[in-house]
């Protein structure tokens, strides 16, 4: 199958390229870059020399739809919302790594993203690509809204507890810690090395656009309105996200019961690993891989459930999950091209 | 005034030494080290060559009490609990950077520290050295229990809101992020460079010994039982602590009202800086200094107050606050020897 | 083909395991660990959970030689020197990642390693596994001395110039910079996170045991005695080695001539990439991969050739090259199991 | 004494401000910033809140010369070359942290800096502010060319050996490793956190503008033409420079003889510390301080002298040495305002 990437110079693209070059069934034939049209991919990313040297191209929807069957969007917000529908119209499957199709309410999109949303028709049609939870819908989809990095870690950690009503809905606090690559390759002072090294920062208190995304799908799974208090932090590492999730337990449940429940819930999910009691995952333990590792802690003293969920923000939080969704859509082995161990140390 | 440090090879000691060598009124005359008796301080810490080259000595309580007026304990838990009382008996003022005198209940100490507590008499006598809150008691004290690093950041952030009843007492969540130096100079796999670099870890879920310390003083200031859910994380930086604190607002209060209240609360506290709305402190902004920077965020949507509080764990979280307490006890300028700007970048 | 790893808890082993789990022709059936006998591999390395959960075993040469065809030694110095010969006797091929068979002079080994060498017979029999240079000898070998990390980067950078007599033999200076993982998983103060973070150190001036290894093979390729001045440095990163090599040019040669020569020299070496003029490799550009990237700079003003050579110390500098040698020995595709792009950023 | 900083938003300025706020004899009254005219210093650098809140101003040479006695230039190249002469004309002493007055040949300046030089008259008049070497000339100067960071570490390491003719002049190789803050606060891709973290890079091979600066003063001290091969590298830390210097020994000299010579050479230099044999300085051991630590290694085997010299690039390599020069010019204690221990860890 022939695939293209749109947005070829960002970190999402370079991770897509890394997994696609080793993929058994998909071939990366086209890389679209608005700003680097005509430039070799390995000139922009010298680590890809002799691996992917092809030139990047400018976008021509018509021509592209004749060359490829599937397109990944690794673009900033507000780019795919017009282009993806045009490609879908031409019969090209689209997997969008940006946030343009993650919310179904144009009003909410306008509020949190500060720009007009895509057409309602496509917002409705788009399937949210949280692979482990929406596998069935993904199989049928033509347009995938690939989840955000923080929502991926958060939702995989929370959904079993929410579905099973282990926790109350109004008490949820998500404290996120991200590596710096989540901010992308665009230059800005807060992620200038000398400012960010040996430093920890909180940012976007109460206004991060991943909040409505989390709430949408928690509400859906709870079948009840769920509100989340989410505070993101940036820590001095390149990759990795950890979300530490706090919620009030609804009922008495033991540590081993909840672990067993999660183990069973994810028994057919090859990329979710539930830690045994006492073992808490660190971000490095999923580095470079598509795994999501989850630890559960019943804090009897305070009656709270604490969930620690880690992913590589560029893999399970972006490019890896996108490939996983492509695999699901094509009925390939879910791990095809993603079957790599984390790199450690 | 002549002072000694007991526990001369740890990071607490080396920070005490840095501030004492520039202190206008105190002179560091003696460094006690059990393991490095007879060795030069600058041999253990070459960065102190030509600054502090004196030899370290073994402990002789009698002799020490004749040589110095004040002793800092920069020792692990369970060391000062017997020695400090003996020194106090000899008329030597003691400032203990370890946790041995922070809890007044021997039972609680046994539970969280896993060892027998100091004598009740001294637990009662010890004054908790949170300088900004207990300045009056510190002035009269002979034995100071210098606060832990996480409790310092947490309590300075929470106490104004607790005292003023802005927040409910049972909803408090403290998510802590620390630099690695908090783990000390002792070797262990989790803080081996290759394991810790580019990594974020949660640890001691529900069992960190700073929990009872936070709860003791929050309860005291609230005049009501306060429970805290505290989860510590270690991030790949050497210094700095950030605590992100979540609590339910009791009443309607605006962002500017709460900021103004905190500004007034700390108007005579030269080391506490309340950030203006929209400015969130990062740990590097207090690096190497005795400042505690606090930001407040009223999250209207969820009815929560979010407090971000940062310190340098080795300074305001340990050695700096100990010096500040010495200054207060001696009626010296509170900033004497500590009047240095943070190092940035 | 069935293979074993001896020394299952170090970083060499875990990298071997990562590449072997994705290898098309080799199967990792046995992991030997002296200290962790009976413990699951993924208990020691939780990032390998659900990937390699098998238990580690203690060593029984007899039994092992019946179970596997090839053994990798990922052990410290002075371990393989007795065991590898015993396995070779039993018909098992050995690839030794330690330094025990890299020098053919027992005297030199004693001088630089501070311990008695392996038997002369095996020192003579061992083939130095610098894949690109000794491919023919490797094909026939039963015992491979896998090169050290610094020598790999240095020799791949220098050998073309030495063979072709572009440079003089007595002027060579090698300034090495390594990531911290080269020091292994053993704890020590210099690689304690708080001591190593935000720090750069020089170490082992004039006494690093990779010096005689470099000199042995430079001398062999020059057909003349070559002496090297090598100074290693450790920088605050987990992976990567850069060697910056300085040598006097023997004759007038242009930048483009020397680049063309190196390009030709390595045209059949899929893992060596010669950079185009003006492009200087950084260590991250080979992160996690088996590539060695080399830049050449003719400094006309001073008549020197400067060579910058980078590898991932744990891959091309250890486990990756060992797998590459296994591939060569078995006439498999040289890239089998190693065909992964560097991870960037 | 009243002083001003021109170039108020860079890292040089913020370090000058840190040391000036604690200086016993100098008062920072004016901060000039072209781009941030009217903005509070602590708005640009929040870590300075409540320490230096004054507003920055635009430059008016006439007015400035009436307000202050001394001006520090913390500006990029090609700014001070016209302004400093104008201020000197008005009787204001100038200390220029940029490279504009470090070379006395306009032709060389044009070649290496790519822009026209300052007037010859001022190039001649400017005194090179390498405090330990040119103390007498500095006392009389009206215009100081404050040395570059790499040249400071290199020249303090080399000048004793050069003067005493321990080494030959044509064999000198300087391999430099710098922290990222040397690149300043301006944004660029190579120092974007995600690109620089866990990475080591060589840059500007053979073309760094510190080369002619090193050669000028080595030549002067050798009384013979000296050529240097200098290759800079950037490593993932914020602060610190290490230069590793290689040179051929002219004569037989022992390790202890050369150490004793250096000890004597710098006996009146409070900021230069010669390490005892076997102790090699790391960059962190001078972090935040004005020290330059030097280790010497006689490599008998190869007949070379290896010198390891470390400084904090922003302190002894910039702002600290500038303050030191101000102290010397005013006959104040050379350590005034600089009397702080390195921060460790």
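Order of writing sets the chain letters: A, B, C and D. Residues in each chain are counted from 1.
The criterion applied here is as follows: a contact is a pair of C-beta atoms (placed from the backbone, for glycine too) under 8 Å apart; a residue touches a chain by one contact, two chains touch by 3 or more.
Since we're looking at a predicted model, the values are computed, not measured.
Number of steps on the shortest path from chain B to chain C, with steps defined by chain touch: 1. The most distant chain from chain A, with centres taken as the mean of CA atoms, is D. The geometric centre of chain A is 36 Å away from that of chain C, both derived from CA atoms. Chain D has its Cα centroid 39 Å from the Cα centroid of chain C. With touch defined as above, residues shared between interfaces to two or more other chains in chain D number as follows: 11, 179, 181, 185, 194-195, 197-198, 236-239, 284, 287, 345. Interface of chain D with chain B (complex): residues 11, 14, 17-18, 21-22, 45-52, 181, 185, 197-198, 238-239, 270, 273, 275, 279, 281, 284-289, 293, 339-345.
Within the complex formed with chain D, the chain C residues making contact are 171, 173, 175, 177, 179, 194-195, 197-203, 205-206, 227-229, 231, 233, 235-240, 242, 244, 246, 280, 282-284, 287, 295, 297, 299, 301-302, 304, 306, 308, 310, 345. Put simply, chain A touches chain D in their complex at residues 11, 179-181, 183, 185, 187-189, 191-198, 236-238.
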